[in-house]
Every structure is written in structure tokens, then in C-alpha cells.
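Structure, as C-alpha cells:
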Amino acid sequence: MIRYGKFLRRFSLFLLTLPVLVFIFFPVVWLSSASLSTQVELFAIPPHWIPQHPTFQNYLDIFFPSQAASSVPRTFAIALLNSIKIASSVTLICIILGSLAAYALVRIPFRLNRTIQIGILGTRMIPEVSLILPLFIVASSLQLINRPIVLIIAYMSFALPYAIWMMAAFFQTVPIELEDAARIDGCTRLGILRRIVMPIAVPGLISTAMFTFLLAWDEFFYALIFTSTLAAKTAPVAIAEFVGRYAVNITGMMAGGILAALPPVILGLIFQRYIVAGMTSGAVKG
Amino acid sequence: MRKFTKVTMLVVTIVLFAGLVGCGPSAPAGPVTIHVLTMDQAGLKPAEIDQIAREFEASNPDIKVVMEYLGYDYIHDKITTGMAAKPPAYDAVMIDVIWPDEFIKAGYMLDVTDRVTPEMKAGMFPASWNGVTRNGKIYGMPWLMDVKYFMYNKDILQKAGIAEPPKTWEELVDQAKTIKEQGLVEFPIIWSWNQKEGVVCDFTVLLFGNGGAFLDASGKPVFNDEKGVQVLTWMKQTLDDGLSNPSSVASDENAVRDNFMAGNSAFAVNWLFQFSDSNDATKSQIVGQAAFAPMPVFAAGAAAGVQGSSVDGSSSFAIMATTPYPDQTWKFLSYLASNEVQIKYSAEMLPVWQDNFKGDALTNLEGATPTNPMTVPAFMAQFPYANERPTVSYYNEASAALQLAIQEALTGVKPPKQALDDAAAKWVELAGQ
Amino acid sequence: MAAVSTSPPRRHLSLRQQDARIAWLLVIPSLIVILGVTFWPIIYTFILSFFIVPTGINQVRTFVGLGNYLEMVGSRTFWETIGRTLHFTVVSVGLELVLGLAIAQLIHSHPWGWKFLRFSLIIPWAVPTIVNGAMWRWIYSADFGALNGILMQLGLIKHYVPWLSLPNLAMELVILADVWHTMPFVALILQSALATLPEELEEAAAVDGASALRRFWSIRLPLLRPAILVALIVRTVDAFRVFDIAYIITNGGPAFRTVTITYLTYLNSFAYGKQGIGAALSFIISIFSIIMAFFFIRTLYRPEETQ
């Protein structure tokens, strides 16, 4: 009897997971299916849930544009590349600068340590819209608009505090006894950082790196304002431009959307453990 | 101090790396590159403009042209942000007929009065120069003269037993009812009434067709008088009666074209590009069925002497004031707007050179492409009645208020009179600032 | 023997002081970046908000004191926008919390396939916001969207509805798209927290006869409180400043119904050419965020949390 009850319970719980899975997957599956359709099929009423004549043409238009393809897919590949360049640079800088600062803040007592910590935490809360005007004015007078560097710098405003905060939480999990022991053995502060703390905190570094990459990849507002030409336009901006002309090339937009979503989704799936650890590093006392 | 140098070296490396990645391509030595922004909507298609650019480069090897295309609704804000860069993000941009006042005030447009040759001045339609001239100074090169046309589907009207397209909007309603009752299409009329400039264009057509206007002689808004309210009420009524497609409230001109091309509507008001697209066998289901008719007016407007009404949607190209390459840019714009080029691509866009519409040249023009025999007479008939939207520097925000008001009335949020009154109040406020 | 201790000149600094030096070295690069890219712009925005700043080249800035702020406070649009933004925040965060908690619980109870469920949860979160918006915009499309398609095939509607044009519904649809995208964040945080909860407390309570509901309410929920609080505050601050998704799904329409406070700032700064008002709006948003940040820090930084 008990086993029957337990089975029933497990089964009904399983049933509950089904609507959740549908909720999660339906939009994405629909997007993928649409990206493999032709325009004509996409406009069909009722909708062809699975395209009857699937085609990779939309993707081909983006990577191997022919003259017939409109200009937006042609330039989309460049926008993807820009996103990769910018997100990677931001991640690299934040990891390096951020981990150095984070270690100092959590392990080295010095005057103003507490103040700086609170200050950094506070700046994480500042919305982008508050910074956009001055950054825009300065960037334009320094002739930085439309160059990737302006986005890299602007993204520091939210990525660096985030990285510091995450790394700080991870550094705190390194047992202090190890550091003390190294101290006693005559190791310098920087030596401890390099030889003891960093190797242990590698998962934390990976988490922070993934998180920062996703944050930078996702960003839209600054990219919209600061970049208009191909020199620096990022994938989200390119997608938004697709939408502006969607009646002309919706299938292209779908393909572009999938491509723009692939890097973060794949990274998210592979490094899931790390990312979730990063998310919870402030939430769960550990 | 070893640690110090190590950390410093690390930081320096990062900065160098960021600089390398970040600084992007530097200006290439050799040919000058100019950037041009234009819309991917009315006018020539991007593929055609690209071709023109390549032809220009072939005969001007020291100039490289990089074209960029955006949906119309995004261009205005892109200009604002692009102009903040030095050098500006674009050397030339497409300027809609409603923007010069705002942009000249902001200092974006280059004075090109001295570059315009007498041939250009005399050759192009005076109306097209009016769009870019303020206080006697010329700020751009005319390019596209476009108005909204009234297009209908011949086949659907024939099946419904309607002999002639409507001459008044009231007739249109009757014809639409007939078509709907016979079950030929569910929603016979489609409009671009989404909350963008497109709805103000349609409103302009209807408002002037009722004998109304935007501003009076002293510049005060009068679009909220009884004529304007009648127009807005009429618009809402057609939606309520199921004659205008409910998705009109979310449609822009591209969506109107798509709907018309799919054979889902009998009547569609749109720019010229809808006609050529409707005859494109790769996209359209109604090849050969689209036809022009003069834009209807309201019975009250006809009684008041209004013979025709449309809206001027012309655009020109302006050189950005801070460009480092004004001469090269002007050279390209002159080529783009030249008579030969315009005639060659006249299926999408009729030339702005007026001699084409007289005598032999007219016959020539009409024969240039398969659709010209229909588009040229339509243009000549409709263009004289093109109405302007207000040429004020605060137009962008004013139009936004009007767009909002019309949306609110059409979706039943506010009664038409109140919505228009609120918009008019906003216009007064903006004028005072 | 006279042994003179010859300490090298360097070592007049105590160990603690040397340490502090290194600390500064490590912190200063980040500090410079943050001061330059965050602190200074906030101050500049504040100053800018006291001027009328028309966009354009060589435009004159006119000092107006509190003029911009007064204009905003007196404008109905401003208050309606604040109302809409609060509506978005409350409903969106509320739904995320409820759904997130429910899904976290579901995963925690380990039904069949729970690993797959947890694995897939990250997908909506990882999809970029703009792609998410474009995707939902197409789903809601009046002419060809999936929502219309499904409802029609199920026989629930007779003709396609222009969902995004219904002023009273548009915001809720944007909220739905946002919830889809950010609910996994809450769910994953709560699920990790659940996984670390000590089971003994609940087992003891079960032995004592407490019902599942009672156990949930009196034991589990309080233990989850820190995690819930963090998720709540982070999401609230983020939801209040939403822009991307409103921009891409509805462009602020219909009838301004999806214009949020950040969107209003964008419009004023870049579409209407009124950067002074834009600065004032930005500043107001910053104040709100800082207040929320204050609560956040206070919640998180209990005395025992320092090094």
C-alpha cells in the first residue's frame, strides 16, 4: 500500500513537471522551427508548427550571403563577432582586476576596506540609464562612439562590481588556515594569492567569468546608444534592427535570434554548475 | 618592489590588450570611405542602392561608399546618437520631410546652397526643393518624392460587382460593406495606424480630405476642431464596424503592404513601393490585380472645395555638418539623385526631375519599366494634392503626442474629442518652450 | 661584540602596513575604473539635471535650477509611468517568486526527470533579453503569431486578436515574457538553497505529527528567508529599471501603455532631444535604486559576515 502511494506521489509530481517543461521549451522550440522555415510557411494560417519544407537558407544567408539576401543578414555575422570580442574583453579585464581587488577586500584589513566594499556593492545597483548621458557626452567628445572600446569601458560599470562581489564570496570559502599556514612559512601576500588562493578558487573564477560573459553579451541599452555602425554593433542591436524591418525578413530574424542565443545558452548549459554557484554565492550562507 | 612591477606589468598588459581589441579598425589610407544611412522601406530597395553605390565607386575609385539600412522608425534616433560621434557616424543620412526643422536647429545639416548647380535647381521639382530649404538656404539633395496613394484590388471589386473605385470615403464604406457581406474578404480595408509616424500620415490624408488642417494661420493647433474629431470618429467607426482590419492599430506600412499583397484586403492606402511589391511574383499573391485611384475625400470636404488630398512623404539626403568629407559626399549624392540613375530605377521611385513628366520624356518614362504606365499618371494626378505636416522644430515630440491621442481614441481608451484636445494642449505647450 | 642590527632601510613599515600597501595596489585599478565609470557619471548626471540641454552641436545649456524636476513632478505622464513601472515590478517579481519557489520545490522533491528539468531551467535565463523579446513579439503577432494560432486551433477565439494592441493587456504580455526569462534565476537560487537545508528539522517535525503544509510554512520557509530576500531584492531592482524588453516587444505602445521609467528617460534624452529632463529622470531612478541597495546591504551584511 505504501509503495503504491509512493508511486502515485512520484507519478503525479512527474505530471507536474510536464507543463513546466512545455513552458520552458515551447518558445525556444518555436523559434528554432521558425528559423528553419521559409517566409511563406511562416505566414501560414494556421501556423505550420513543423515546417513542411525546412531549409537552412536563413542561416546560409547570414554566413554566406548572396546578392539576393537583404543587407541585414549579411551584416549580422559581423555583429556576432563584435559581441564575441567585446564580451571576451570585458570578461578578461573583470576577472583580472576583479579577483585582485576582491582578494584584497576580503582578506587584507586596511583602512577604508569596509567603505570600499559598501561602495562597490552600491554601484552594482546603479541602473545603466543613470550613467548613459555623461558617458555619451564624454565618449562623443573623445571620439570613442562606434568603437568597441567605448562599450568595453561602459560595461565595466556593471560587470566589474559584479565580478568583485562574486569573487569575494568565492575567496571567502578558501579556508583561512591554509593562508595562515603559508604566512607562517614566510610566503608573501601576493605569493599566497598566486599559489594558494587562486588554484582553489578556480571554480569561482570560472563561475564569475561565465556570468560576466553572459551579462556583457546580453547588454542592449548601451550598445543601442553607443554603436550604430558595423565597427562595433553588437548582436542584440542587430536583432533589434531586424525587428524594425521584420516584415521584410522575419525568418532571417529568427535565424539571427538563434545564433545570438547560442553562445550564452551553450555556455550556460555546459558551465551550469558554476553559474548557479555564482548566482547563489550571495544568497546562501556558505 | 618585484611585486609592484609584476602587478603593474599585468595591468599594462590588460590595457594594451583592451586597446588592441577595442580600438577597432583605424581609417585606411588611400580611398576615402563615406558612410550613408538610409531607410529600408519606401524608395529604392537596398540591393538597388548597393548597385548604384558600386557603379559610383567604379567611376570614382578614390571614394568608397558604405551604405547602412534601417527601418524608417529607427532612423531618427540613430541620427541623434550618430551625430554625437566625431567624426560623425554617418556622412550623409536620409532626411524625412518632417525632420529638417529639428535637425537644422540642432546644427546637424550642412548648408549646401553653394553646391547646388543651376541645372539641379531648375531641373528638379520646386516642391522637392521646398522640403530642404529654410530661410533661403538649402540643406540637402532631394531624392524621393512620395505621396500616399489609394490602391485597390481590381479582382475583388469585380467579384463584388463594383464598377468604379470610390470617390469619397463614405462611398468606400459602402463598397467595403458590400465586399464584406459577400464574404470576399473579412476586413476590406487595411491601414497603418500603429503608434508611429505612419498613423499621422494617414490622419493627414483624412484630415485635409475633410477640409481640416493641423495649424491655423497663427500657428495654433486646430486639428481638434469638429472636422478633426469627425475624422477620428470615422476612423474608429470603421474599426467597430469590422470594415477596417483590427490589426491596423498595430500595423506599419510594411504590414499594410504584406496584408494587401496576400490578398487579404480590397483597399490599402500606402506609399508607392506597395504597388511594385504587389506585382512581384516572388512575394505577392495578387500580381496584376492592384490598381490606383485618386485618393477619396470626405463629402463635406468636397463640398468645401477640396479636390484631392494626400500626404507628402518625400525624403532627401543631407550631408552631416561635421563630416570630414563634404566634397566626396556631395559627389555621391549628386550621382544618386542624378536623372539617369533615377530613370533607371523608376519602378520603385519616380524621378524628381520634372522634365521627365513632359512630352517625349514622359513617354520615355512611362515605358521605362512595366509598372510605370500606371504609376506615372497616378503620381501626376496625386502629387499636386500632397499636404505637408507641420514644419516645426518640435515636430518629433508633437507627432508622438498626436500618435498617442489617435491610438487612445482607436483603442477606446479616450473619446476622440478628448484625445485630440489633450494632444492639442501638448502642442501648445511645446510651442511655448 | 657589538652587534648592530642593520635592518634594511625598507623595513621600517610594520607587516600590517606592508599588507595594507599591497591591498591598495590590488584595489586601485578597479577603484579607478569604478570611480571613473560609475561615480563620476552619477555626479555629472546630477549636475546636468539642473540645466536645459538641447541635443545638437554647440547647443547652449540653460540653467534652470529645479525646473526639470518640477516639470516632471507636475507632468501626468511622469506619474502614470511610475505607476506602470511599479505595476510591472510588483507583478513580475511576484510571479517570479511564486513560480520560482514552486518549481524549486518541485525539483527538490526529485520526481522522475528532475535532473533534466533543472538542466533545462537555465535556457530561458541564458537567452539574451533582446532575442527573448523578439521571440515573444513574434508569438504575440497579430497576423501570424503562435498564440493566435494555438487559441484558434483550440477553438477559443474566432479570429486573430491583435494582442499587443490591446492597451489593457499589453503590459501583462510583456510581463509574461519577462517572467519566462527571469523566473529560472529565482528557481535556481531557491533550489540550491533548498538543497542545503538540514533535513533533520523537518523530519523531527514530521515525527511529531506536523503536516506537510505546516512543515513548509513554519520550518522551510523561514530557513529559506535569506535566499528569498536576496532574490527578491535583486529582481526588484532589476525589474524597476526594465527597458530592453519593453523596447523590443511593443516599442512603448499601445498608447504609451508599456513605457517604463527607463524608457521615458530614453525618449526624453534621445528622441525628444531633452537631455536635461533625461538627466533628472535618471537621477530619480538612481535614488530609488540606491534606497533598494541600502536595504540589500543591510540585509546581507550582518556583523558576522566580515573577514
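We call the chains A, B and C, going by the order they appear; numbering starts again at 1 in every chain.
Please note the rule applied: a contact is a pair of C-beta atoms (placed from the backbone, for glycine too) under 8 Å apart; a residue touches a chain by one contact, two chains touch by 3 or more.
If you're wondering where the values come from, they're calculated on a predicted model, not measured in any experiment.
Taken as a graph of touching chains, this assembly is fully connected, with contact between every pair of chains.
Set against one another, A-C and B-C show the most C-beta pairs in contact at A-C. Computed centre separation for the pair chain B/chain C is 38 angstrom, with centres defined by C-alpha atoms.
Averaging Cα coordinates per chain places chain A and chain C 14 Å apart. Shared contact sites, meaning residues of chain C that touch two or more other chains, fall at 22, 26, 29, 143, 160, 270. Those residues of chain B in touch with two or more other chains are numbered 3, 7, 11, 73, 81, 255, 258.
Among all residues of chain A, those that touch two or more other chains are 43, 97, 100, 137, 190, 225, 240, 246.
By the touch rule above, chain A contacts chain B in their complex via residues 43, 67-68, 70-72, 85, 88-89, 92-93, 96-97, 100, 136-137, 139-141, 143, 145-149, 152, 188, 190, 225-226, 228-232, 240-241, 244-248.
Residue ranges on chain C touching chain B, taken from their complex, read 22, 25-26, 29, 54-59, 142-143, 159-162, 164-167, 251-256, 267, 270-273. For chain C in complex with chain A, the touching residues are 16, 18-20, 22-24, 26-27, 29-31, 33-34, 37-42, 44-45, 48, 103, 106, 109, 111-114, 117, 119-131, 134-139, 143-144, 146, 149, 152-153, 160, 180, 184-185, 188-189, 192-193, 196, 226-227, 230-231, 237, 240-241, 243-244, 247-248, 262, 265-266, 269-270, 275, 278-279, 281-283, 285-286, 289-290, 292-294, 296-297, 300-301, 306-307.
On chain B, the positions that touch chain C within their shared complex are 3-4, 7, 11, 73, 76-77, 80-81, 83, 102, 105-108, 186, 194-196, 246-247, 249-251, 255, 258-259, 321-322, 396-397, 400, 404, 407-408, 411, 413.
Across the complex, chain A meets chain C through its residues 10, 13-14, 16-17, 20-21, 23-25, 27-28, 30-31, 34, 42-47, 97-98, 100-101, 103-111, 113-114, 116, 118-135, 137, 153-154, 156-157, 160-161, 164, 172, 189-190, 214, 217-218, 220-221, 225, 235-236, 239-240, 242-243, 246, 250, 253-254, 257-258, 260-261, 264-265, 267-269, 272, 275-277, 279-280, 282-286.
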